[in-house]
Amino acid sequence: MALLETKDLGIVFGGLKALDDVYLKIEEKEIIGLIGPNGAGKTTVFNLLTGVYTPTKGAIRFMGKSIIGKKPYQINRIGIARTFQNIRLFKAMTVLDNVKVAMQQHRRYNVVSAMFRLPPYWKEERKMTEEARELLKIFDMEDVAEQQASNLPYGQQRKLEILRALAARPKLLLLDEPAAGMNPTETHELMETIRRIREMFGVAILLIEHDMSLVMGVCERIYVLDYGTLIADGTPEEIRSNEKVIKAYLGG
Amino acid sequence: MDFITQLLNGLGLGSIYALIALGYSMVYGIVQLINFAHGDIIMVGGYALYVMLVIAGMPLWLAVLAPIVVCGLAGVLIERLAYQRLLTHNAERISLLITALGVSIFLQNLFMLLFKSDAKTMPPMFGSGVFELGGLSVTYSTLINIVVSVVMMIGLQMLVNRTKIGKAMQATSEDAGAAKLMGINTNKIIIITFAVGSILAAVGAVLYCNTYPQIKPTMGNLLGLKAFVAAVLGGIGSIPGAMLGGYLLGVLEQLTKAYITTEVTDAVVFAILIVVLLVRPAGLMGKNRKEKV
Amino acid sequence: MGKLKKKTGAYYLVNTVLTAILFTVLFLLISGRTLNNYWSGVVVLICINVILAVSLNLVTGILGQLVLGHAGFMLVGAYAAANFTRAVVTNGTMSLYVALPIAMVIGGLVAAVFGVVIGIPALRLRGDYLAIITLGFGEIIRVMANASFLQPVTNGAMGLSVKTFSNRTDPGAMFVFAFVVMALVIVISYTFGRSRHGRSVIAIREDEIAAEAMGVNTTYYKLFAFVLAAFIAGVAGALYAHHIGMIDPSKFDFNRSVEILIMVVLGGMGSISGSVISATVLTILPELLRGFSDYRMLLYSIILICVMLFRPSGLLGRYEISLPKLVDKLLHRKEKAAKTGEA
C-alpha cells in the first residue's frame, strides 16, 4: 500500500479547471519532486492534500484512508505536514514556541493543569522543551531558540519552517519551494538537509521546486504538471529527456 | 393598499440608508476600513443644517448647501488627520479600526459639548404634504427621498464609470500597489473617495432631517450602523449593492415595524446582518475574496 | 531546567508575598475606615475594571480580534447574579457571603453560554466584520434587556435593585471578593497565555492558516478564548451589580464596551500588566478630574487616536512588567552599592 495515493484528482475554481486528472503515488520514505511552469497548479495540489481546498472530484488516500473533507488541522495530525511558499511563521513568537505549537498535539494536558500549573503542565512542558531543543540542535539553531522568529535571517526562517513542520512528526512532508531565494551554496546545503531529514525522521517528502539542480539532485521520482494536468512522471533521467516536458518549459 | 404604502415608506427610509451605505462601501472598497466615523458625519451634517437654518436664519436653499460643504470638509479632514498616517505606514487593521472608533467618539462628545446632549427639533423644510391616489397615501418627502437617492446613484455611477477619476478609483480599489505603479496618485484618490462619500452622507443627512425632524449628537450611532448593515447586505465595495442593501433594509425595517413589532426592530436589523454575514459574507452583489495560501 | 524551576518558585513566592502585602494594606485601610466610603468604592471599582480589561485582553490582545460587545456579557452576568441573590437572600436561604460566590459563578456561566451562542457564528468572521457583529450582539442584548417581556427579570429601564453588603457593619467585604477574583483572573490569564492552549491562540493571531496547518484546531481555540473572556466578564458583571446595588441596561451600553477596550489598547494589547496599569489609572483619573467630567470622553478619544497614530502597540506593547524581576534588580543594585561601598 502506498503512503499517499491520489486518483483522478481535480478542482474547479469559478468554472475554470485549475487541476484535472492528477494521479500521484508516494511510497514511504520516498523523495518526490513536483515541478512545472508558473501557474501549473503545484501549490493547488498541496492545498488539496492538506485540506485547504476540497477537491471537486477524485480521491486522496493517505495510509489507505480517504482524507477528503478533513480539516487542515486533522490532516496535520494524521501525518501530513507542510511548509509555505511565502514563509508563514508565527512572527512575534520565539523560535522555540514556533516549534512547540506544532509539537503540542502530542503533548497534551488539560486547561485546568495549565491555569493552575499542576504537575501535568510541568511534565509535558519540560518534555516538549527538551524535544524542541533537540530538534533545533539537529538544524544548528539551538542558539537562536529564544529569539523572535521575525528577527531570523531569511535562510534560517526557511529552515525553521521545515523544522516546525517536522515537529508535528509527519509521515509525509510537503515542501513548497524550499530553495526559493537561496544562493547555490545554500541550495546545496538544503539538498543535504533534505536527505538527512529523510534518514533521521523516516518521512517521505514531496517537494515543489523551481531549482532544477536541486530537484534532479535529490528526488527519486518527479511529477510534471502543466496547465493543471500531469504531463509526465518518472526518474530524473527520464524527465530530463521527456519531449513534452521540454516543450512545456520552453513554451512551445 | 396599506401594504404598498408601507412599502413606499420603507423605500423612503431605505433611500437614506442607501446614501449613507454608499460612503461606507466606497471607503471600504479603497482602503478596507470600516469608517466608524461615517455615521457621525451625518450628525455633523444635521447640525450644520440646524445652525444655518435655525440659528443663522438662512434661506432654505442656502442652508441646504452647508451640510454638503461641512461634511465634505470633515470627511477629508478626518482622513488627513486620523487615517492617512496609518494608511501610508501600512498599519495593522486593528489599529485603523480603533482609530476610526476614536474619531467617532470624539465627534459625538465634541457635539455634546457644543450643543448639549438633548435632541433639537428641525423646522419643516420641504415636501410636507401628502400624496394621495386611490387608497395610497404617502408624504411627498418620502417620494423626494426615493427620487434624490436614485439621481445620486446614477450620478455616482457616471462618476465612477465615465470619468478619469472614477477609473482611477476603480483601479485603486482593485490593487492599490499596481495603481500606484501605473502613475495614479492613490493618495489623492483616497481623499476624493472620502469627500464623495461624505457628501453623499450630507445629502442623506438633509433628507433624514426633513423626514425625521430631530437631531442629537448620538444620532449617527444607530443610523450609521444600520447603513453599514445595508452596505454589507448589498455587498461591500459595490455601488449598486449599497443601494439595493439600503432599500431592502429600509423596507424590511418598515414592514417589521408595521406588522410585527416596534419594540425590538433594531434587534431585527442586527439579526439580518448576522444572517447575511453567515450565509453570504460577500453580500448580495459583492465579490468573494479569498486569502491566497 | 532545575535552575529555571527554582527561579520560577522564587518568582511565585515574591509575587504571592507582594500581593498579600497589597491586599492587607488595602483591607486595613478600608475596614478601618481610613479610606472613606467613596474611595473604598473606587478601589473596588478598580478591581472590577482590571478584571474586565484583563478578560478583554484575552480576545483583543492574545487572539488579536477586536470585540466591541464586552459590556453585553457583563450585563448578562450582572442580571443573572442579581436575580439569584435577590431570590436566595430575600427568602433567607443563605447569607450574601455564601450567595455572592455562587452568584458570580452563575453570572459567569450564563455569560459563557451567551459567549458560545454568539461566538460560534461570529468567530467565522475576522477583523472588521467580527468587530461589527459583536457590536451588533451587544446592542441586541441591551435592547432585549429593556424589552417589556423581560420586565420580570430585568425591570427594564427602571433598574433592578441588588443585594449589597452593609457598609456600616462590614465595609471591607466587597473589597475582599473583588480583590480575590482580580488576583485569580490575573494569574489565570497569565498562565493560560504561557500554556499549550495560549500558545495555540497566539499562533492563530500570528497566522491562522499556518496554525491550522500545524495541527491547531483554530475554531475550537478561538471559541475557547472568546468564551473564557465572556465568562470572566460575566463574573465581573456580577461583582459590579453587587457593588453598586442598582443596575439598568444603560450601564452596559456600547460606551461601556469602548471604555474597557480603551483600557486594553492604552495598556498595550497583549500585555496583562499593561491592562492592569491602565485600568487602574483610567478608573482613578476621572475621580480626580471630577470637574472635567464633560471632557472625559473627548479626552479619551483624542488619547486613543494619538496612541494609535504614534504608538499603536500601546503603553507596554506586549511586554510584561515582572515584580520579582524588579525586586531582583533592586536587590542587586543594593548588593553592588554595598560592594563598592566596601571597596
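To keep things simple, chains are lettered A, B and C as they appear, and every chain counts its residues starting from 1.
What we mean here is this: contacts are C-beta pairs under 8 Å (C-beta built on N, C-alpha and C of every residue); 3 or more make two chains touch, one makes a residue touch a chain.
Everything numeric in this text was worked out from a predicted model, so none of it was measured.
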item	value
Most remote chain, CA-based centroid, reference being chain B	A
Chain whose averaged C-alpha position falls nearest the assembly-wide average	C
Euclidean distance of C-alpha centroids - chain B vs chain C, Å	35
Centre-to-centre distance between chain B and chain A (centres being mean Cα positions), rounded to whole Å	47
Inter-centroid spacing, chain C versus chain A (mean Cα positions, whole Å)	41
Residues of chain A whose C-beta touches two or more other chains	52, 84
Touching two or more other chains - residues of chain C	209
For chain B, residues contacting two or more additional chains	293
Partner chain A, residues of chain C touching it in the complex	1, 5, 187-188, 191-192, 195-200, 202-203, 206-207, 209-218, 224, 318
Chain B to chain C touching residues, read off their complex	32-34, 82, 85-86, 91-99, 101-103, 105-106, 108-110, 112-113, 221, 225, 228-229, 232, 263-264, 266-267, 270-271, 273-274, 277-278, 281, 291, 293
Residue numbers on chain A that touch chain C, as the complex places them	50, 52, 71-73, 76-77, 81-82, 84, 88-93, 97, 100-102, 104-105, 107-109, 111, 114-117, 121-122, 124-126, 128-129, 164-165, 168
Sites on chain C touched by chain B in the complex	60, 64-66, 68, 121-122, 124-125, 127-129, 131-133, 135-137, 139-140, 143-144, 147-148, 209, 254, 258, 261, 265, 269, 294-295, 297-298, 300-302, 304-305, 308-309, 312
